[in-house]
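In the two complexes that follow, subunit A is the common piece, with subunit B as its partner first and subunit C second.
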Partner chain A sequence: MVKALIIGLNTFRETLRLKSYQIILIFALLLLGSSQLFSFLTPEEQLKMIKDVSLSGIEIFAALLAIFTAMTSLRNEFETNTISTLLSKPLRRSEFILGKFIGSVLAITLSVILMAAVFSTLILIKQHSLEAGLFSATFLIWAEMLVIVALTLAVAAFASTAFTLIFVLFLFLTGHLTGYGLELAQQAKNPLLQALTKIFYKVIPNFENFAIRDEIAVGVSVSLSYLLKTFGYGLIYTFIALLLCLYFFQFREV
Partner chain B sequence: MSKTAFRSRSIAAIILLFLILSPLQDSIDLQRRRMGFERRLMLMPGQVAGNLILGGFKGLAADLLWLQVESLFHSGQHYKMLPLFQSITFLQPKFITPWAVGGWHMAYNISVKAKNEEEKQFWIKHGVDFLAEGIKNNPERYDLYFELGWTYFNKVKDYANAVKYFELAAKFPRPEYVDDVLAHAYEENGQIKEAIATWERILAGPDTPFRQIAARMLSRLKKYGTTKVETYQ
Partner chain C sequence: MDEKIALKIEGLSKVYQLGRRKEVVALDNLALEVKQGEIFGLLGPNGSGKTTAIKLILGLIFPSSGTIEILGQKHTEVSVKEKIGYLPENPYYYRYLTGPEILNFFGRIFSLPEETLKERRENLLQLVGLENSGHLALKHYSKGMLERIGLAVALLNDPEFLILDEPTTGLDPIGSRETRNLLGRLQSEGKTIMLSSHYLSEVEKISNRVGILHQGKLLALGALRDLMTEWKASDIEDLFVKVIEWSKH
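Showing the complex of A and B:
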């Protein structure tokens, strides 16, 4: 575990130095700030727009950062062949993967905190108070990022950089739309299609579980039990993805 | 551990975790339905891809459409706003403003442009129905009960229904004017005792501008039996 933590802190420091990480983060912070431009709307509408744009922005940019961070942290080791040096030392592959996961998660946590700080400041300026729901929405976005980081590591363990990027982005979009697929299949009368869609629905990570931002933006409250269940779902899925990552990585020749 | 043993154990662990995830997902789905977070599929001709991509970001899609509503409103193109209200409320049924503004546009702005009485009544009914649909989606807030009550009170002059919806609005946390309007609706509906009781409640409540109004209304009601200036003058 200590070795994993050392690798994790190292990955975190390397990530902070990445130009792609810095640029995406700066761009995200600028976008959040620009939601102030809706000043032609009524105050209530303006607040709703700021919440929608900011929470969606945090999710989209955090997902991009999560994919880039996790992918780069693993792929760089393969491409520069530093992985051979690392694994020649008394270090288990599972510790290496766990370290990469911890480092990427630390970097994503920092970016989510920074974006949430800008968002909270905007809300405080507008309504002079913060609702608990905004923290719940941000917390679930962060939980979603744990899954994305683990999935990216799993794909990057066996695939090329380009494939990893495209595949995980595709998974991110699909994970938001599996519910629609299920709904469409239920309207079709084909039982085979319905069964297949049901399996697909259960296997593909359901990122809609984490999406409470649309409801929070219009003042709907979300129960603690829902937050805990969804966080539990995120943790289990993260564990599955890390197991998959380890599975692929164990059989990789380095 | 041999490679084969590692492979079998990993696969077994992954299958086991998916078996745990399945009922958890069912439970999350059930809770989302109970909280009114159900998925709504919106497919418009020619916009399928856009809707699917925005599927995960319905709030943003609703905001973009709402900006279009704002632009059409300021250019007086009221009829063009109607499909947008339908789309926004479909995408984000818990967003109160489009229900309230949509109902108001139909019952007020569009109905006054009608060529005849029949068309006018058609648009007023559409506005009322739209607000009632909004209440079905947001039964836990005062806002749309009040809007519908106001439309019955001010536009339709159906005071019995106005009282019904203002009373429903008064069951939830609300601003002070809701009780004031409820008292007026009682009076218009001939429920003078209830009107007096409501104004007395406002008078006993916190110090707001509505306390002065309540005092004035009570004095008029007790003296003349009505609060309408034109009636007792």
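Showing the complex of A and C:
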């Protein structure tokens, strides 16, 4: 575990130095800041819009950063061949993968905190107070990112960069749509379609569970048990994805 | 006398499958032993299988068949890697770290106590002549400096068995001589060294025994003097050419 932490801290340092990470993060912060521009709406509508759009923005940018960070952290080791030096040392492949996960999660945590800070400042300016629901929503976005980082590492452990990017983006989008897909398939009354959507629904993580922006925007609070249940749901997927990653990485030649 | 064998390889092969029908044999049924305390030179032209053999020994790639034992243990054991020092060909490390930082990083991977790490870091930087470059990030290092810091990383855990892949690439004649002297000193301390190189004169000056690889096959193995007598060669270059030419017939 100590060695995984050493790799993790180094991955975190490396990620913060990446120009592309910095650019995506700065762009996200600027976009969040610009949600002030909904000035054509009434103050109440404007507040709802800022909450809804900003939480969606945080989720999308955090997902992009999570995919990019996890993918790059593994790819760079192969491109620079530092991985062959690392794995020639007394370091287990599992410690290496866990380190990459820790480092990527640290980088994502920092970016979510920064985006949430900009968002909270905007709300404070408009509303002069912060409700607990905003923190719950941010927490669930962060929990969703754990799953995305682990999934990205699992795919990147055996696939090319382009495939990883496309496949994980596909999973991210599908994971937001499986619930709707299931409802639509039930209405269609086609057994094959129903079976397929059920499989998708069971296998792909339902990312809509993590999205509580609609509730937050209209001031509905979310219970602690829902937060914990969803966090646990995310942890299960994270654990499975990390196990898959490790399985694929055991057979990868460096 | 198994206890005197640092490296034992039996029937080691590596075959890469290229599509369904085509395959490339990178290493073909390699068998060799490296004795403890000797300097063993693995020779061969580019693409002969030297780096493949080293990567297999280190567990970076997986054999198609065969076994490898290092210091009496299976080569994939994590504990055996604590006794190995490895210098890759063209060593590349995290470019934004300085020399002392990269040594700290790997020292922690070796779980060295902080006091030991500090002492070794300073001694090794001095040994490889980088004691005044501590402030420089590795991205500003020359090829020779990278080779030197690579050697420092390889020696950081005070290894019993040192594996060096083309250790003098990028070094000037003075640097090459210093490295040779250093390897001699390490041997006198009882360390086993295996180096791969296509710089024949370098190997001739320091190796006790050599193996010549060509197209994945070990064509000759033994003490340099014995091999030169056997092949009626005037020097190592002559030996190398005769062995390679013979393999073509």
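For the reader, a short list of remarks on this structure follows.
The working rule: the second predicted complex is superposed on the first by the 253 of 254 C-alpha atoms of A that agree within 3 Å, B and C clash if a C-alpha of one lies under 4 Å from a C-alpha of the other, contacts with A are read in each partner's own complex, and residues count from 1 in each chain.
Just so it is clear, a contact is a pair of C-beta atoms (placed from the backbone, for glycine too) under 8 Å apart; a residue touches a chain by one contact, two chains touch by 3 or more.
Everything numeric in this text was worked out from a predicted model, so none of it was measured.
After overlaying the two complexes on the shared chain, residue contacts for A:159 are found with neither subunit B nor subunit C.
With both structures placed on the common chain, the touch criterion links A:16 to neither subunit B nor subunit C. By the touch criterion stated above, A:49 is placed in contact with subunit B alone, subunit C being left untouched.
Contact with neither subunit B nor subunit C is seen for A:169 once the two complexes are overlaid on the shared chain. Note on subunit A: of its two partners subunit C and subunit B, the one contacting more of its residues is B.
After overlaying the two complexes on the shared chain, residue contacts for A:110 are found with neither subunit B nor subunit C. Shared-chain residue A:3: touches subunit C; no touch with subunit B. Using the contact criterion defined above for the overlaid structures, shared-chain residue A:233 touches subunit B, although it does not reach subunit C.
In the superposition on chain A, A:225 makes contact with subunit B only, while subunit C stays out of contact range. Looking at subunit A, you'll find residues 251 touch subunit B in one structure and subunit C in the other. Residues of subunit A touching subunit C in their complex: 2-3, 6, 10, 13-14, 17, 80-82, 84-92, 251, 253-254.
For subunit B in complex with subunit A, the residues that touch the partner chain are 3, 6-7, 10-11, 13-14, 17-18, 20-22, 24-25, 27-28, 31-32, 35-37, 39, 41, 52-53, 55-60, 62-63, 66, 70, 92, 94-97. Here subunit A touches subunit B in the complex through residues 40-41, 44-45, 48-49, 52-53, 55-56, 173, 176-177, 179-180, 183-184, 201-203, 206-209, 211-215, 217-220, 222-223, 225-226, 229-230, 232-233, 236-237, 239-240, 243-244, 246-247, 250-251, going by the rule given at the top.
For subunit C in complex with subunit A, the residues that touch the partner chain are 55, 58-62, 78-79, 81-82, 84, 86, 88, 90-96, 105-106, 108-111, 153, 157.
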